[in-house]
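Order as written gives the chain letters A, B and C; numbering starts at 1 within each chain.
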Amino acid sequence: MNKPRRLQITNYRAASHWGKLLLALLTAFAFIFPIQTALAQGPTPTDDEVNRIAKQLYCPVCESTPLDVCPTEACRQWRDLIRTMLAEGKSEEEIQQYFVAQYGARVLAEPPNRLATYLVPAVAILLGAFLLFRGFQMWMKPVTADEDETEQTAKPAQDPYVARLEEELKKQK
Amino acid sequence: MIANFGFGVLLITFFVALYSVFAAIYGERRQLPSMVESARRAMLLTWPLLTLASLVLIYLLVNNHYEVQFVYEVTSRSMPMYLKITAWWGGQAGSLLFWSWLMAAFTSLVTLRKWDRDREFLPWVIVVACATMAFFIGMNVFFENPFAQLYQTFQGVSAYTLKPADGILFTPEDGRGLNPLLRHPGMIIHPPMLYLGFVAYVIPYAFAMAALITGRTDDRWIRLTRRWSLWAWLFLSFGLVLGGRWAYDVLGWGGYWGWDPVEIAAFMPWLTGTAFLHSVMIQEKRGMLKHWNMLLIILTYALVIFGTFLTRSGVLSSVHSFAQSAIGPLFFAFIGFTLITSVALIIYRWSSLKSETEMTSVLSREALFLFNNLLFMSILVVCFWGVIFPLISELFTGQKVTVGPPFYERATSPLFGGLMLLMGIAPLSAWGHSTVKTLGRALWKPAIAALLITVVLFFTYTQRVGALIGFFLVAFVILVTIYEYWRGAYARQRSQGENVLTAFWNLTGRNRRRYGGYIIHISMMLMAIGILGIEMFQMETQGTLQQGQTISLGNYELTYREVAQWDDLPSGVNYRRAVLDVHEDGEYLGQLAPRIDYYYDSQQNMTIPGQRSTMRDDLYVLLVDWEPVGASGATFKIYINPLVNWLWLGSFLFLAGVVIAAWPEKEAERVPVKARVRVPQKQTSAAD
Amino acid sequence: MTETSIPAPRRGVPIWVQIIIWVFLVGLLAIVAMGLQRAQQGTVQPGQVIDNFTLSLFSGYEMDGKSEIHLEDLRGKVVVINFWASWCKPCEQEAAELQQAWTEYEPTGQVLFLGVDYVDTEPEARVYLKKFGITYPNGPDLATRISQYFRIKGVPETYFVDQDGVLQYVQVGPFTSIDQIRAQIDPLIK
């Protein structure tokens, strides 16, 4: 992480008037600079903005807890870190990348390797569907010849209530 | 003393269960009914023994015997009586004992029925059930002894089953206390519900194994265990819903399901169990899908054991994880053994599981149930892969990853949508033959009506495509189901001359499985409304308020009034409670009081939300301890969860539906006709 | 799963399907077994040669002006690797002792203390280091690679590696006195 280095004035040499003037100017400049950057940062990011990013990250030490709801001290520090980074103008991707670089890929809600995660279940499901339809194909062949016969049985099957009705009426007789 | 007695009872029970297994096998192989009967009696003995062991444990829990390690870990003096009793399943060792106790109870119930027509099943049912029981008791006896006591030796204080040579009994002054998160009423019922479901599934599995071993692979084993499958499913479903409700009320993240690996481990058997519940209807009616039913019940049992293993062995990381222990390898051996024997048996008997009739149409009811199986299996594949992928990633690439909600939601949403579509189409499909025309004729009215409702929602509620599709499917299913109900009642009305209400009542009474099932479908759609609401339309915000300041979200304005902090030393809790006024569009609605409870013994916080619940939405406020609560203000997190109470309403209706479906029928169960004829209009049993 | 419509030949499961099923099943069990074994493993144990790793250092805590340390460059010195975090309360118990030990051993040129900051934030880490006046090289464990290699179970943990790169001792939890630290280092530099 790049933090702006504080200007360090280690050598204080009261040499000459010009030296003092130069130093005074430099010192004044040193104070102006941070103020400038503070103005450039803008207002402190709201809790909602922090949460929006924290929601998508997971706490690196707790188990399966998203960063916006994690109650521990460490998580509080991470949320403050997000706030600071947002104030510096970092984008969502930059913050995420920083967290991944610092804490590993487990901090993301999804594995970085999208292909591996989605490919296997997709293939398995498609394979299952394919096998099923192959099975249907094998079953369906002999039936096409009997379609007329089965059309007749379709009608009474559609209204099982009438059929049951008749059955029950027969029982009562 | 008493603890040692309890351990002794457990040890005896272990040997009794083992004896039962071997006696049953021996009696069956040598055709000695007396040995089988001996095995049965031994099996009946396990329940009184386990009840005794459990009572001993409860006695120790209630009487503050902190020299017993388990008592020390899960209770403390400040806990109320009812929590001390329910701490029985509050930790690893006790919950394993609870599991064994349930297993013994269920197996005893099963063996108390008449076995005249199914003599050949009995020994194998005893073998499978008692082997499972012996395994769980064995874990208690050898690895996780609930009666282990703390002894002080040269090396320090540790727990031992038997007193070590130089050990002195060590009695802590107070216990560590149950994790405060677990001290909520929902948390008390949630584990027993889940265990009831898990353990009850062992019975149909045992019968399935007996069917495979004996070769009696017709639907007899299904009929015998039909009630068990249904009740197991009920408990499992309810356990899952309770877990969700508890998470929503107490965990403080405004959600009810986090796609955590342990949640998924309990969800996976539910998936196969639901598929099984539907698929067996096809076997009973048409003698089809026999392979599927065997596979599904084996998978359900395997997933139950595997899920229990995953949550307790430390293989996966999860918020739910029990402390890691040495039971991992034993569990693994048991799973390996179970999977290998089950798969070997089903391969061995594959050809005897042939269908009795053929499937003739892609749109017939049998075919739709087959699609149903496929969809449930697909969701299972997604869940299983999501759970196992972090493990694979870490083993093969060294990189730790998290598979979180985005993956599961993206991958399962279309599959759940497909299931809902089937819920709407299948009740109107016909057995045997169905064409697009016949099905279309039945479906077009509810489909158009659902479409109209969706259009109305488009103009009044939301334009989001995903939500609209969801609402369309919900409306479609509810309309089709009500239509089916109405058709049946109308037919009764016409033929029997009953009024509408009596017609409904008698219709349900005479056909409980079908109409109970329809009620369950409707209840699931109500739950779907709740899920759609909270998942798609949740609003949240967070802010720090000074006293008197207002924060707004949606149409609500909340004004921070005051905060109070006080100790409840007898209970060992420190309360911080904030009060907010709630206004909606300027109108005063009332007050909400979120709080943070700090438990001194376990040094943990519980965030309890302030909730205002209506059918339209939930206003849910949390006192967040991002900043310390004090004069500088308090930080609140506010959620608006639209429609979420439909989820809980649906779950109540669900309970009613299952009770109706499972209620014993008035008419005696008829013996099914052996040879099935392809004549669709004759139903072979009273239960349709 | 697929059946012929002619009822007569009762097929079992074809051999090739059986092979696939068993391979899949055995594979799954193998993965679970490996996962279980890994979960049961403790930390890296004494006797093992520690692989090279790279620790990038916080600015102000470099070693000889270098902002990165490679373990293999440190052969010939005893390396004391201490895992800590600013949010870890027990770590504070040993921080002063570790710094004191460093001031004792640094002049000999034979020992190097390395602080590895586990899953922490830099501002808080700096506050912690300043609070205890720590001067030995310190850096963040980027992507938790180093702690994963050592399979640490928590913080604080300290690993003593001798001049040949072989792990000699693992301290789980904080040191209670500086004598404990001396007791591990002195035999190695004799």
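Everything that follows uses one rule, which is that contacts are C-beta pairs under 8 Å (C-beta built on N, C-alpha and C of every residue); 3 or more make two chains touch, one makes a residue touch a chain.
Note that the coordinates shown come from a computational prediction; the quantities given were computed from them, not determined experimentally.
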Taking each chain's centre as the mean of its C-alpha atoms, which one ends up farthest from the centre of subunit B?
C
Chain pair whose interface holds the most contacting C-beta pairs:
A-B
Could you tell me the distance, in whole angstrom, between the mean C-alpha positions of subunit A and subunit C?
28
Mean-CA-position distance for subunit C and subunit B (Å)
39
Touching two or more other chains in subunit C are residues 1, 3, 5, 144, 148
Please output the residue numbers of subunit A that touch at least 2 other chains, ranges allowed.
104-105, 139, 142
I need the residues of subunit B touching at least two other chains; which ones are they?
358, 400
In the complex of these two chains, what residues of subunit B are touching subunit C?
291-292, 313-315, 324, 328-329, 332, 335-336, 339-340, 343, 347-348, 350-352, 354-355, 358, 388, 391-392, 394-395, 398, 400
Of all residues in subunit C, which touch subunit B in the complex?
1, 3, 5, 7, 10-13, 18, 21-22, 25, 29, 31-36, 38-40, 144, 148
Can you name the residues of subunit A that touch subunit B in the complex?
46-48, 51, 58, 62-66, 69, 71, 76, 79, 104-113, 116-118, 120-121, 124-125, 128-129, 132, 136, 139-140, 142-143, 150-151, 153-154, 156-158, 160-165, 168-169
Where on subunit C is subunit A touching in the complex?
1-5, 85-87, 119-124, 140, 142-145, 148
Name, in rising order, each residue of subunit B that touches subunit A in their complex.
252-253, 258, 260-261, 317-319, 321, 358-362, 367, 370-371, 374, 377-378, 381-382, 385-386, 389-390, 393, 399-407, 411, 430-435, 438, 442, 487-488, 491, 495, 540-544, 605, 607, 625-626, 635, 637, 679-681, 683, 688
